[in-house]
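Quick one: the structure is below, questions incoming.
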């Protein structure tokens, strides 16, 4: 059921302690900063967060980690020049890390949305990131068994929504939004604009409204 | 390498006997009729054809089957009121049939394009279409192991191409085109129009040119 | 169960916990009943044949979005006259129309919607449904039959709720609601409700419950089917 | 191998089958060499760091399409001034531009391009490359290091050809071309060519061949690396 919500605070109010939360964005592009700030505000803790990175600088996901709300990060690239909050928590043993090759991260999220129970991929075969995982020789290559990543909630950023919750994105800010929207039980999208139903060309919808539960316009 | 080709005959000339050929379309929507006619004309035989159906009436794929060019059909819905050519060949034991649930067909084609060596899906579990297949209990459900369907050639129909081979489609004629383009070694697209590079909005490209090898405009 | 319908006039009797109408339902009445049972805002796929009739009885206020597995959400009514466009068809290959807010996608994305559990309801026809919700609707199993499955298994396995619409009895008077399906299966334990001309059944791991009957009592219904029936718990 | 380059002036010597230039190559000369070796019409992904320099030397006539794994084909040069747009960045999170004929897609579609074997070439940096083309470029393996992998494994495993750009020796003078990688692996047997300041190597199941040397003879080069070298077969 789709709801248009007035404030980011109301939009995230239902997120419970211990939830798995997917957060869109790659670098700053497509990061739903306002929703992340609201998540920080709302106090939910013990979260498992799925994002490509583990926060940058002193904002957004980095603050969520700093404040100890994140029990576990599932990501591909936690270490950055300005990932000091994650680095500190990680070295202190206060945050768990599941490091996933970026394509496996994307494909595992996609699998969750598409009802795939697991898949084999050559990525990571023979590396420490595949240690302990089932392998199989398929299509002439050794491949590793990977499982879907499901989430309770996805926080994503899109450009425009219509009245049915259909979404379009902007340039490389699209990144994880469409696959996270499909993988989460409840998807909250912050958008820059809302147009009446019929205002988006059906040929160009990137995320159909079936994947979207809450939409909040952010100035 | 992308080539713009003048005639459908030249476009299909390289298709060899014994090839696996994916043909886009669902019903008549998105069927590349002119390319199929050219394939019939060019004489290639012993083909494995991947399509949702097994030909309708006295045209296109149905004629390819009638003429004995198709060794094997991989499809989800061969039996139709006007699938008489397939029906006759099948009853005569002159064409092999691999019947695949439609979603497995789509996902197996997608897997080939995406480099996935195999995947588990609940679809078909416990049915005769999963007989002999590996099963596994995942995400709370019994699932069946399915493998990618690769092809030598894909024949697809799109609406418009630009100078880089990017494609857009029209309404439900999109169907199998995008996934088949990615799953085949060589993709031939018939299009209704060609616009200069830059003439399609980068946000709205459905099939990026990386998946397209030959483009032929059909009146 | 007290699911609201938009045609209360059909519910004329009431025996024990059970509503009973005066006569068996015709195909259109049954379609109207199913349409009324679909919760507002649902995303729904209507199978080929009898289930397609349901779309005639969906009210705009219900705000239902129809999915067609060949690649569209927001499908409108069947196209007529100049609306007919060969590029805009449904899964039954019938020309249809596009409603405002529609979207198009390719086959893998379309089936991901079904297989990923995103459809609230699909409505399918059936040859047989078992007491535990097994579905057989794609193949007679006759040795000379050419099989064709299409998206039936994906819908049966993927939708949150699978409603079946069928006549309760074959032309020969044999129940299509069975202990165990004898036709080849489409999916296991997937059907949640069976809408027939004589009754609405709820199926699941605990067996068959009867929500309401049409033109027969529960006892008369029991005589037609080969498994124990009980009236549905009011909820 | 006789692969054309767009800077023949570098090839000043010729010993046996081997071309040798007068001095080791700088980073920009190396980038120019790689750029010239990319076949016209190729789809290419340039890794973060040194490989990014290659884009400075691609000629328009080569008609190369650059892929960035965060979701774009047809990436243009780094953005400057008013071109800078926070929504248009590359995999290194640097603002870039869009060329005519570009396309955007989500992360799963973008990595499907890489993983499905559709990229002709990716160019990566490396800590170590083994004689058989194993690659180590993501993790030093130091116990206190925080690992970060990004798309390195997908690129290494998925591209048709994996070119590595690196200095041949570490600051301590140890060869990065090794018998067996001691750093954690990124991919097995994936590297096809290694472009270094001192030579271009072809790697594969049959061991290492030297395509050309820069500022050293094959014998001098052999003294720097711990596996047998041979001049590449002319082809």
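The first chain written gets the first letter, and so on, giving A, B, C and D; residue counts start at 1 in each chain.
Here is the rule we go by: contacts are C-beta pairs under 8 Å (C-beta built on N, C-alpha and C of every residue); 3 or more make two chains touch, one makes a residue touch a chain.
Fair warning: this is a prediction, and the values are worked out from it, not measured in the lab.
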Self-check item: A-C or A-D - the one linked by more C-beta pairs in contact
Solution: A-D
Quiz prompt | Interchain centroid distance [CA atoms averaged], chain A/chain D, Å | solution = 30
Exercise. Could you grab the centroid distance between chain A and chain C? Build each centroid from C-alpha atoms only and quote it in angstrom.
Key: 35
Quiz item: Between chain C and chain D, what is the separation of their C-alpha centroids in Å?
Solution: 57
Quiz item: Which chain A residues sit where two or more other chains touch them?
Solution: 107, 114-116, 121-122, 169-171, 202-203
Quiz item: Which residues of chain D are in contact with two or more other chains?
Solution: 72, 98, 104-105, 108, 111-112, 114-115, 158
Quiz item: Connecting every touching chain pair, does the picture come out as line, ring, star, complete or other?
Solution: other
Quiz item: Which pairs of chains touch each other?
Solution: A-B, A-C, A-D, B-C, B-D
Quiz prompt | chain D - residues contacting chain B, complex | solution = 41, 43, 65, 67, 72-74, 98, 100-105, 108, 111-119, 158
Self-check item: Residue ranges of chain C touching chain B (in the complex, touch as defined)
Solution: 68-72, 85-90, 93, 98, 104-108, 110-112, 114-115, 139, 144-154, 157-158, 184-188
Quiz item: Any idea which chain B residues touch chain C in the complex?
Solution: 26-30, 76-80, 83, 86-87, 90-91, 97, 99-107, 109-110, 121-129, 142, 169-179, 206
Self-check item: Residue ranges of chain B touching chain A (in the complex, touch as defined)
Solution: 107, 111, 114-122, 136, 138-139, 141, 143, 147-148, 150, 168-171, 201-204
Self-check item: chain B residues within the chain D interface of the complex
Solution: 1-2, 112-116, 162-164, 166, 182, 197-198, 200, 202-203, 205, 208-211
